[in-house]
Amino acid sequence: MTTQDRLAKWDHRAEWALAAVALVFLAAYSIEVLVQPRGFAQHLLDIVTFLTWAVFVVDYFARLYLATDRRKWFLHHLIDLAVVLLPLLRPLRLLRLVVLVSALQEAIGNAIRGRVVIYTVSGAVLLIYVGALAELESERAAAGSHITNFGDAVWWAITTITTVGYGDIYPVTTTGRVIAVLMMIGGISLVGSITATIASWIIHTVSVEDKAHNAVTAAQIDGLHNEIAQLRELLQQRTD
Amino acid sequence: MTTQDRLAKWDHRAEWALAAVALVFLAAYSIEVLVQPRGFAQHLLDIVTFLTWAVFVVDYFARLYLATDRRKWFLHHLIDLAVVLLPLLRPLRLLRLVVLVSALQEAIGNAIRGRVVIYTVSGAVLLIYVGALAELESERAAAGSHITNFGDAVWWAITTITTVGYGDIYPVTTTGRVIAVLMMIGGISLVGSITATIASWIIHTVSVEDKAHNAVTAAQIDGLHNEIAQLRELLQQRTD
Amino acid sequence: MTTQDRLAKWDHRAEWALAAVALVFLAAYSIEVLVQPRGFAQHLLDIVTFLTWAVFVVDYFARLYLATDRRKWFLHHLIDLAVVLLPLLRPLRLLRLVVLVSALQEAIGNAIRGRVVIYTVSGAVLLIYVGALAELESERAAAGSHITNFGDAVWWAITTITTVGYGDIYPVTTTGRVIAVLMMIGGISLVGSITATIASWIIHTVSVEDKAHNAVTAAQIDGLHNEIAQLRELLQQRTD
Amino acid sequence: MTTQDRLAKWDHRAEWALAAVALVFLAAYSIEVLVQPRGFAQHLLDIVTFLTWAVFVVDYFARLYLATDRRKWFLHHLIDLAVVLLPLLRPLRLLRLVVLVSALQEAIGNAIRGRVVIYTVSGAVLLIYVGALAELESERAAAGSHITNFGDAVWWAITTITTVGYGDIYPVTTTGRVIAVLMMIGGISLVGSITATIASWIIHTVSVEDKAHNAVTAAQIDGLHNEIAQLRELLQQRTD
């Protein structure tokens, strides 16, 4: 068994475990921000959060160890290192949940447009939820803050990713603004995906309807092949 | 006559009746929010609203009864149940009006892009009107509200679905914010449809103009068929 | 000469004259709003504005008179009637300037994407200029108005059609809001055109680059025709 | 060696030198706005800025001198003249950095969509950085200004090019508003590029997946050519 195989095997075995750990991390993070437990509960939560982090660190070093060319793997996975090291990027660990979405989509067996819709919707929901949590955590205690409860944070997250931006609520801290920028980038991509899916659907439907300018299909070319084959057969019979 | 047929027949017979009931509901809802009648008129309006609701309930259970596989139909029509049960989703009953739009479009006999334009325009008008009504109803009495008359509500609805979002007027209640989110989703879809229609038109026009890279049309393939047929005929004549 | 011919001839002859009158109207309107002349100058301006209006009325009735089926022409040109009758729609007379743009474009001899760019840019400039004028006229005297000079009006117009909508400046009168809605619709169409043009360009470039999946061109089909023709000639020679 | 050749040679030789000078200009401009040096350092910075400007002036006149038809070159390069003469357009000199991006892209060897992504990302980063610098410089000293430090300026730049436009921070000076308008135009183009890239990707993937309606490929036409060639060979053998 080659090293390449071992890395692929690890990735395959670990993806469900890491998705489960990402869910635990999401639950712990939600409780930490929304419930703000004190005393023993807080200690317990810190331990759970630390353990989920430890799992991601172990996974990172395991993959680094199993890689054929460790130097190359390290340079191509700098973002994985950043997700493990930087507290601000912790929510990106939830990208591990993509395995759930792709499992769901395999079960339904969708076409490409259906898949784009599923990723867009689940991406939007997760982005709004996690963005609202992170924003609430970093803005709650700031002077002159507008985001002091989860309802306001969700409302802010939605007006931001739709680029409506009323301006009734906006972040005032640097961390809050960095989160806002990440959400705007996410929002533009989501809006772009929606527009693109509609455009793709219209263009496809127009081209199907437009009989007169129909592009030639493989079936029509098969028809030509058949006619030429018959012609050859005829030629062979007559000249024998 | 199979059960499947009976359900299809019910749907066909009921669609115009339900569109009419949806119009009555729209009228009653408009009067309730805009005129805010008191005393006898209010009672009358409550009765009309209740009757339109009763018709939708009857339609729901009739379709459930007529379905071949009731369990499956129930699971595939959970959204119909929600529209019947949840007061917040009442405006979705107006989706029944889609039959009017499709009748209009059949009369004109439009191509796909024309149809997208008709649905986009009528969808936008209905979304703005109903959204403004619902927002006015839920915001009017709230403390610190900005939306206290129908003119302001329409203005807010338009700045929201176009994603301009000046921020001079914005909802402050939870219900108002939920309605706003639904309108933003509607707005993004509408803007996406407009962009997509323009894109489809440009791409189509470019491909028609671009003679040199023209995709092969069925007519050209027919030309090839003809030539091969003549060749065969010639071969048959000469070798006979 | 048929009636149809006479209407087409009128349209052809009148288009440059009407474009000139539209320019005069634009100049008069600009002076009215920006200079706000009093006394004799004001009377002169009113006369010029009235004369440009009279020309559009004459053009409307001339076209109605020359139409083959006047009833049908009337129903298909209700918008022309509205532009002539409603003061709010006066700026739409500037649509007559489209003949200038199409003359410019004929001189340059552009492809479809170039044409979309020219219409988008000239449409955006005219929309911003006229929208700012109209908004300034209707908001200037209103209580609590934010738009009191032309610079602010242009700034507002640009933040509106780009859907940025800071909310530092927004209309407060009903007329001002109606103008704002028309500008948002124009803005969404402009943004849509830009996105669509870029999309069309990318899709075209991708399909040209993507040699392996190249759609069959007419030239390739011509190659097949040639080969079949040679085959027929060969067959004819040999069997003679 | 013709004049045309000499101009092309100059362009080729000068592009890396000008990119380097553009980087020096960017560094000097950043220090000027962010550090605001006084005394000797300020004089030194003024000299560096003047020298970078002089290089661009020399490049402009060298290209004008080397052009075959100087009148035509002058008319086709009015924008180059404006960039050299108008202080407001100084940041456009950074467009010379495009040679760095295209060198990077050649090294990676990307397809068209990859190239659009690289230009979009590097364009967005440069637009935000330079826009924030220019805005800070023109707004800092204005009465009632909201943009008084670089952090706020970057935050404003991002909310503007994403068209979110909260309205917590907006320019109040005329120069600041002109810069804002340029950034909105840039923002719309960037958002359009993102949407268009996604649309192109979806449309491409759909057409590849959609086996039944596959457009005919050159390979299939080659198959037809082969069959006809075999047919001819057969005909030749038999009738000899």
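Each chain carries a letter (A, B, C and D) given by its place in the written order, and its residues are counted from 1.
Rule of thumb we're sticking to: a residue touches a chain if its C-beta (ideal position, glycine included) is under 8 Å from a C-beta of that chain, and two chains touch if they have at least 3 such contacts.
Given the structure is predicted, the values throughout are model-derived calculations rather than measurements.
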| item | value |
| --- | --- |
| Those chains which touch chain D and also touch chain A | B, C |
| Pair exhibiting more inter-chain C-beta contacts, B-D or C-D | C-D |
| Fitted rotation between chain B and its twin chain C in degrees, CA, nearest 5 | 90 |
| Distance from chain D to chain C - Cα centre to Cα centre, in angstrom | 29 |
| Approximate Å spacing (C-alpha centroids) for the pair chain B, chain D | 41 |
| Multi-chain contact residues (two or more partners), chain C | 163-167, 191, 195-197, 199, 203, 215-216, 220-221, 224, 228, 231, 235, 239 |
| Residue numbers on chain C that touch chain D, as the complex places them | 151, 155, 158-159, 162-168, 191, 194-199, 201-203, 205-206, 209-216, 220-221, 223-224, 227-228, 230-231, 234-235, 238-239 |
| Chain B - residues contacting chain A, complex | 111-113, 116, 160, 163-167, 170, 174, 177, 181, 184-185, 187-189, 191-193, 195-197, 199-200, 203-204, 208, 215-221, 224-225, 228-229, 231-232, 235-236, 239 |
| Sites on chain C touched by chain A in the complex | 163, 165-167, 195-196, 199, 215-216 |
